[in-house]
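Consider the two complexes below, in which subunit A is the common component and subunit B and subunit C are the respective partners.
Showing the complex of A and B:
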């Protein structure tokens, strides 16, 4: 069986499951809900944020537009997206055990490594498709509802990016977000390799994420010293694109950390999978 | 006898002081009236603005806008993109100043080697947002070259204006710099802030920033008969 056919088979298996679309369904509900609510609220949010300026300046035009809403949504959702991704990634290997199809899968004349690779690539494909869907849907709907304009970014102050300079940043930001979520998917996949129930990997992934995120914001010299080494400190790498000038070296460093984390967890998952004693 | 002399001296002193104050006020009003006369031939004007802001924790690219002015003090600003422009000194309608403030001459100063008059303006309306301001007038062309005011507690704004002759008759702003200073400390520590994940929440709590804004004026169109309709919508 060629690798491509194996990959297609795994993709079909994944994308024929109803739970695969649970994340998409949630996005289809939450994104319009948030964006319509923001549209109804109008620019009150940006007005309030810029209140300290109103005494000295008057404003021409508005910074409340589709780009702003899409950016706010991206800011808010990246904490919740890992959960939706781990629904599917955590089920990749553990799901076979739960369904009792592990043995059936492995008696085919295909090496375990190739099966592992097909499943892992399917997981990554899901993560990337999911993030792309979120990007296209949230940006598309926001621009449709609220139009374009200059982008207001709150990061260490106030930054306004000209409308002509925004689209590429969103495009690149979603690529980087895809890279971040691929790391989350890999961790969920890793946990999936040594349990026989899909709930375990989801809880474990979210547990790791929450613990490390908390450690990452704790004050104190010790925590500050370890912060750069936590992969969670690099998950928001895409935020670096909404700065002026963009610190590319910082972005490359974060991508390397995330890539390294993915490699380590994928290698560990592979080592577990090829040695696994299949009893179901 | 001695008491009598003392009373006379006191009366002369009070009368002299009062006369001096009156003279200073009259001189101030005269100077401001001359400024107003200098703009008497302008009914309206349109000018293109290019504004740059240099303020702490603020990054905004150059903003472009068009300013419409109509006597006595109506202003309308249009911009294709977002722009923020200073409330102080954007257009200096002297007619609005004379209507809103009383002027008193205070001293003669030197700005960039030029002798200028320093006037103190006091609001006629006790409810006016800016109760007093200091202005410096260039007597050579009767233009206001500098102002300082404190629009609210903890904020000081100094506006410097450079003028250029338009249509060979009117001295209108060519470049304006507004410098904003605050005495309130920024107590927000972003490193250890529970709201760090929501940076926009920090902006709610920020005190006014220090910094400056520079506006360049170009392409004046004078007395084109701007319609009143244009001024029905305000910039804000």
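Showing the complex of A and C:
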């Protein structure tokens, strides 16, 4: 019961804060802008991409539809959405230090571990709610504006997934994206545990993400050898669902790797938090 | 009577700097315990260790007989406090802030939230965001949150800091009310001796991390040598007349234009009568207790440093 109370208190703090909704606001502005622009541009983008295939294939109907646009928007999960998530996750602990409110919280007869747990679960809840919102809003609006149809996927070559086989893939892809973004949120939360301003964790999280993404695409044997061990190589786990056939073992391996990364960073954050001297 | 607060050789070092060294304190039930020291003496570090915000380098703190280090939740269950300036979630109302703190105390009834707001005179502002509060109101809200779980021990770290004289008096009245009418034990830190003298029955002085003295306020302030400063003209005659009364005055010393006499305060009326009768024009007679002198010298030296 007391854990639920703590969780409610943390949710109240997080979801009554204006900055929590900044990410939602950005999505509410950017997603319609992108989707309306793509609708205006029409099929030019797909036509250009498919030009070389027209000699060998004959396409019936329009492959430029709501599913296609929603799939393109999922690419924001590489950098843009992590940035917005770290904005809130990085503030969870560092924000208390900055505001001086650790002195209110940590003199109470409740263990630091429980407080940590309540804060971490709230952070994960935020990340999942945010990704779900992105999914529902971007897919819903795209289908509303551009209708349904077969999904054209560019990945190495081209793949056309029939309209009847697409919805479940998006649903599952956003669940996997939620898992990926939970890892990003955990890393931001970890950085938040040992600094006393909220900017540090955001910069540190994005720094780690961008550096590892760059390392992940550098050529050379050495980089190829370490690539499978970088969590950033598994962030795109959701992409695996837009393949035929779906390589489930690859997806499970990526989920495990991301989960392991989250456990390591969360454990490190916990160890820092419970031993931390509150001097602010 | 077992102590409410007990520290055992409590020490804290930050790098090479020792903030608190081998501190042994005892606070008993229903005490208003003044914890006095100049700025930077180690008061807040001690309070932070008492309330488990920082871990001691050595030693232990026991609250109600329970170690803060090994039985933290039990030790803090009957404690409320403010550590330094009261900070809140500024974007939330006073009620929401207290709801959050209540959740950390295992849940408190809404009626209790309004009760403590009433006690500190913030009932009318209960639903206003804390960012609209003045410093004095935040200070009072700080006391409200400290009392939320109806604690037996209330720890107040410089609760009158930054307040105007009226605000300081209100806080003093509240502390007296808590101690005398509600039976709370109050641990009050301050760098102002008069403030402690007005409300505390027991006190300790800490300086550069070391405990200087501990005991009842009355005993400590009346113990040791008492000094009286005489200002007037002609000062030579004051010195001569005082020096001649060896049964009343133990020592006489000129300090600038003042004459400092070591003596008991109860002899002041007799000596004033003698001086006036001998044509001395007295401007001031200032009784100074040795502890006061000692504390003033400490604060002066630390402010110079």
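Just a few scattered comments:
Quick note on the criterion: the second predicted complex is superposed on the first by the 271 of 280 C-alpha atoms of A that agree within 3 Å, B and C clash if a C-alpha of one lies under 4 Å from a C-alpha of the other, contacts with A are read in each partner's own complex, and residues count from 1 in each chain.
Methods note: a residue touches a chain if its C-beta (ideal position, glycine included) is under 8 Å from a C-beta of that chain, and two chains touch if they have at least 3 such contacts.
For clarity, every value in this text was computed on a predicted model and none was experimentally measured.
In the superposition on chain A, A:219 makes contact with subunit B only, not with subunit C. With both structures placed on the common chain, the touch criterion links A:278 to subunit C but leaves subunit B unconnected.
In the superposed pair of complexes, A:9 makes contact with subunit C only, with no contact to subunit B.
In the superposed pair of complexes, A:113 makes contact with neither subunit B nor subunit C. Residue contacts after overlaying the shared chain place A:100 against subunit C, while subunit B stays out of touching range. No residue of subunit A lies at the contact with subunit B in one complex and also at the contact with subunit C in the other. Interface of subunit A with subunit C (complex): residues 1-2, 5-6, 8-9, 12-13, 16-18, 99-111, 115, 275, 277-279. Contact residues of subunit B toward subunit A in the complex are 56-61, 63, 65, 77-79, 81-88, 151-152, 155, 157, 180, 190-192, 196-197, 199-200, 202-204, 206-209, 213, 235-236. Listed in rising order, the residues of subunit C touching subunit A in the complex are 48, 51-55, 72-77, 79, 81, 83-92, 96, 99-101, 103-107, 145. Within the complex, the subunit A residues that touch subunit B are 45, 48-53, 55-63, 149-150, 154-163, 217, 219, 244.
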